[in-house]
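Notes follow the structure.
In order of appearance the chains are A, B, C and D, and numbering begins at 1 in each one.
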Amino acid sequence: MSDIPPLRLLISCPDRPGIVAAVSRFLHEAGANIVRSDQYSTDPREGRFFLRMEFTLAQQARAGLAQRFAHHVAQRFQMSWRLWDGADRKRVAILVSRYDHCLQDLLWRWRRGELEAEIVTVASNWEDLRAAVSAFELPYHHIPVTPERKPRAEQQLLELLRGNCDLVVLARYMQILSAEFLERLGVPVINIHHSFLPAFAGAGPYEQAHARGVKLIGATAHYVTAELDAGPIIEQDVTRVSHAHGVTQLTRMGAEIERTVLARAVRWHCQDRVLRHGNTTVVF
Amino acid sequence: MSDIPPLRLLISCPDRPGIVAAVSRFLHEAGANIVRSDQYSTDPREGRFFLRMEFTLAQQARAGLAQRFAHHVAQRFQMSWRLWDGADRKRVAILVSRYDHCLQDLLWRWRRGELEAEIVTVASNWEDLRAAVSAFELPYHHIPVTPERKPRAEQQLLELLRGNCDLVVLARYMQILSAEFLERLGVPVINIHHSFLPAFAGAGPYEQAHARGVKLIGATAHYVTAELDAGPIIEQDVTRVSHAHGVTQLTRMGAEIERTVLARAVRWHCQDRVLRHGNTTVVF
Amino acid sequence: MSDIPPLRLLISCPDRPGIVAAVSRFLHEAGANIVRSDQYSTDPREGRFFLRMEFTLAQQARAGLAQRFAHHVAQRFQMSWRLWDGADRKRVAILVSRYDHCLQDLLWRWRRGELEAEIVTVASNWEDLRAAVSAFELPYHHIPVTPERKPRAEQQLLELLRGNCDLVVLARYMQILSAEFLERLGVPVINIHHSFLPAFAGAGPYEQAHARGVKLIGATAHYVTAELDAGPIIEQDVTRVSHAHGVTQLTRMGAEIERTVLARAVRWHCQDRVLRHGNTTVVF
Amino acid sequence: MSDIPPLRLLISCPDRPGIVAAVSRFLHEAGANIVRSDQYSTDPREGRFFLRMEFTLAQQARAGLAQRFAHHVAQRFQMSWRLWDGADRKRVAILVSRYDHCLQDLLWRWRRGELEAEIVTVASNWEDLRAAVSAFELPYHHIPVTPERKPRAEQQLLELLRGNCDLVVLARYMQILSAEFLERLGVPVINIHHSFLPAFAGAGPYEQAHARGVKLIGATAHYVTAELDAGPIIEQDVTRVSHAHGVTQLTRMGAEIERTVLARAVRWHCQDRVLRHGNTTVVF
């Protein structure tokens, strides 16, 4: 049993006394051993409660676990919840345009086993990165996007992605996805924005940063929503810059931050460590 | 009930299934509401398990809680445990020599309510800082230390401190405390060492750092043990330096890190967030 | 000669060949020894050139130096320039409202000799911090500000400050200074803003940061211009936060960054290491 | 002239007045335009002076420049000096064992043009990474090392490297190079050590760090000398860890720091920004 990846239980519900007791008692009686537990309440009195538990459980004891949990615990506390098997790696599709640093970093970490996910496909509105992707023995789909064929392109993307992945990652994909596309896609989408949001949203953030004379530049990984650059933030980081760095250097230095921040966000998401809470995230 | 500071339960015991379930059930049945929970196991199979729970509990429901916990839960799991009332602030004594930056920082944060502790006394082997301490309306004890009167000085310190404080902080106290003193003192002692331990243990760490040409300098807050600069590390941090910084500048820059790191360690300790594990710490 | 603080020459001019050669030759022939030199050009062909040189020069060789430099070098290269004597510490006035952390930090560093400046006076629109300031044997001027008496208050501030200081520091002064006031004041004003500008400009930045769910919070020290929170940035820094930090904790954690960033900006300014370049700064 | 990479002049000599004036006058009269200048003195009176200047100079004006500099300037000030043409990229050979993260990172940055160097060959005591290297169309030399054939292996390495590269990088090469080898090699060797030196020198630094319970782990890039892990440090960085990170996770997290720190050190060296000063470095 010891080498089986743990199961992960994610819960959010109105906070009230007895939640941890009820969940941990249920798991204990089911034969599970809790190996990690994180919780957060926006307010112990009237707030919302978030819980993530990792537990080991012998294969033969897993049958019917989710149904029993729903019946005996989840209903009573009005829980939104989900049970993930750590052995089922999430299937990840990557969309990219022409900058390769985020893509390469994800592919490389994937091959090293760092992502705890399976990358299954890459699509791009350009041909440029086909060879780089093929070197990892992954399919590469060229789906051009022009103003007039954008609806057609989104339709092609939907056919490619829907039902075939659990997460879509925009690894510097320089196209805005429509609200309708996001809704029909039905899985989370993570984007990397090349600034410390909410500063410098929109186009040309390094140009904006240079013009404003900031002393740090950053990157932001966030879930994509219909509103551009405004979705829930998963992770951010920054690096120090000076007056001596031009836009070219900011872009090079920023690329380091972008790939690091995006990789963290994707790994955390695939480890089921990120819970959405309105337009923010709880990261355990 | 809502404005009463939570109680804190700290546990370490051999890891085995059912610990979280047993503790959270006990607390729930006692009428408590768990508002924060952290756990760590060195190994779910044969390791050691550490748990810290914060919970609120009405004053009238607290009578006999510890006894019942001992009887119903702690014995069964062979727990080392302790129950703290967040309303009982730890009494802190500070020992200092002549550098005032760590002392001043602690006094200032104390007055601002950041430490979650009560500073009760300051002792020094020098007279220098009496005025600085008196400005905070705290007693200042001058206990000189010379090689020949060291046993006498430790005796005076013991008379001053024993039974009167829950924690002793060495805020740049440039004297080595004997193993016998530490044993008789009977409360934890936190020291700030002005290097990134284990690098540059012993005297003159900034001189050593300069000679070695390191590109970062740091500070380490640790529990004091009989072995110099080798006790369990609570917190460390660093700052970037360059060839252009001489020993004087390293000392000034290091002072920033020292006071920050020491304040964090003292606050975390006083929040009962630090558990010792052999010669290391678990910091929740 | 060796213990005399160096002189500092600050230059900006259109970039063209020969500037460094001309300046260093002039200084050498004047008997000076250059101990530090920094330069930056926005573009070696048509850009603007910035130079800062520190040099030692015997007292008896200093007479007429500035006039000769103007005549022999500065005119030829159309230089904006200024010569400062490192021995002449800048006189600093501090404006503050009720938060004391930035004020206390500046006073403390001043007493420790870290600022390389002389704090000469403190003014506030509240009475609250009089005792804290008096402990440092500094005058404290209470100049209340209400909407109707704002022009009167600015007039009082001008009478207090004009001609009596070389720099005004807003150490959490929660009043907007009018463009007319800034112009009549005639010395630089440094403000600390409690966010990573340009994110969260305006009021309540920690509330804004919490609502947006950012993973880092920061502070920005900048020169004050007539446009609120939009002046040239001198220094910024950030610290990591999580979903678990409420506005109160963000405020406490942010206070650490604010005081650190403001102290750096003030010290650098007083060391003549900050040159303005349009709405940005060159920091040597 | 504007797109020609600048020349770089590196100087170290006993400090005395007039050095900057003499060098900048010489360059100006030679028709050069200084675009960047950095200097450092260990002590303006009796110390050692370090200078690095970048300057542009038309191709036709370069003939005889070095000879004239030697004759007119360098001799007078007893300079150790070197003139590099920024257009001549340094030839870099990489030695590696089985861990690929530092190697991959260097290869990738090289292809992206970030290193400002030419990687010319890779050698390893293992076969494992041949495919990874071949993907970059670089030669891969497998030179096994066992205790008995170590002298033979070093001889093979010398034949491969001597005269064919300007820098050797040990990208996690798990073999100790003999003092004789280093001397006969005749070019600098940069190593990445997986700890914050001088802490945890020698074998198994992550195991050592875990046992000591440090709260930060780091990596150090340094020039290799005959004394193991004791050569001049070029760059260091750290990342925060906690009690919850086992050796495996420390190793994964450390790999990020290792590759970042090594890439910085190699780039700075290849930009001629690193000057050795005894057992330390000056990094401009």
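Please note the rule applied: a residue touches a chain if its C-beta (ideal position, glycine included) is under 8 Å from a C-beta of that chain, and two chains touch if they have at least 3 such contacts.
Keep in mind that what you see is a predicted model, and the values were worked out from it rather than measured.
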| item | value |
| --- | --- |
| Reaching chain C from chain A through chains that touch each other, fewest steps | 1 |
| Inter-chain centre distance, chain A versus chain D - centres from mean C-alpha coordinates, in Å | 37 |
| Rounded Å distance between chain B and chain D, as computed from the means of their C-alpha atoms | 41 |
| Junction residues of chain B - those touching two or more other chains | none |
| Graph class of chain-chain contacts, one of line, ring, star, complete, other | complete |
| Chain A residues touching chain C - in the complex, by the definition given at the top | 40, 196-200, 211-216, 218, 232-238, 242-244, 277, 279-283 |
| Contact footprint of chain A on chain D as seen in their complex | 101, 104, 108, 112, 114, 135, 252, 256, 260 |
| Footprint of chain A on chain B - complex, ascending | 2, 16-18, 20-22, 24-25, 27-29, 31-39, 41, 44-45, 56 |
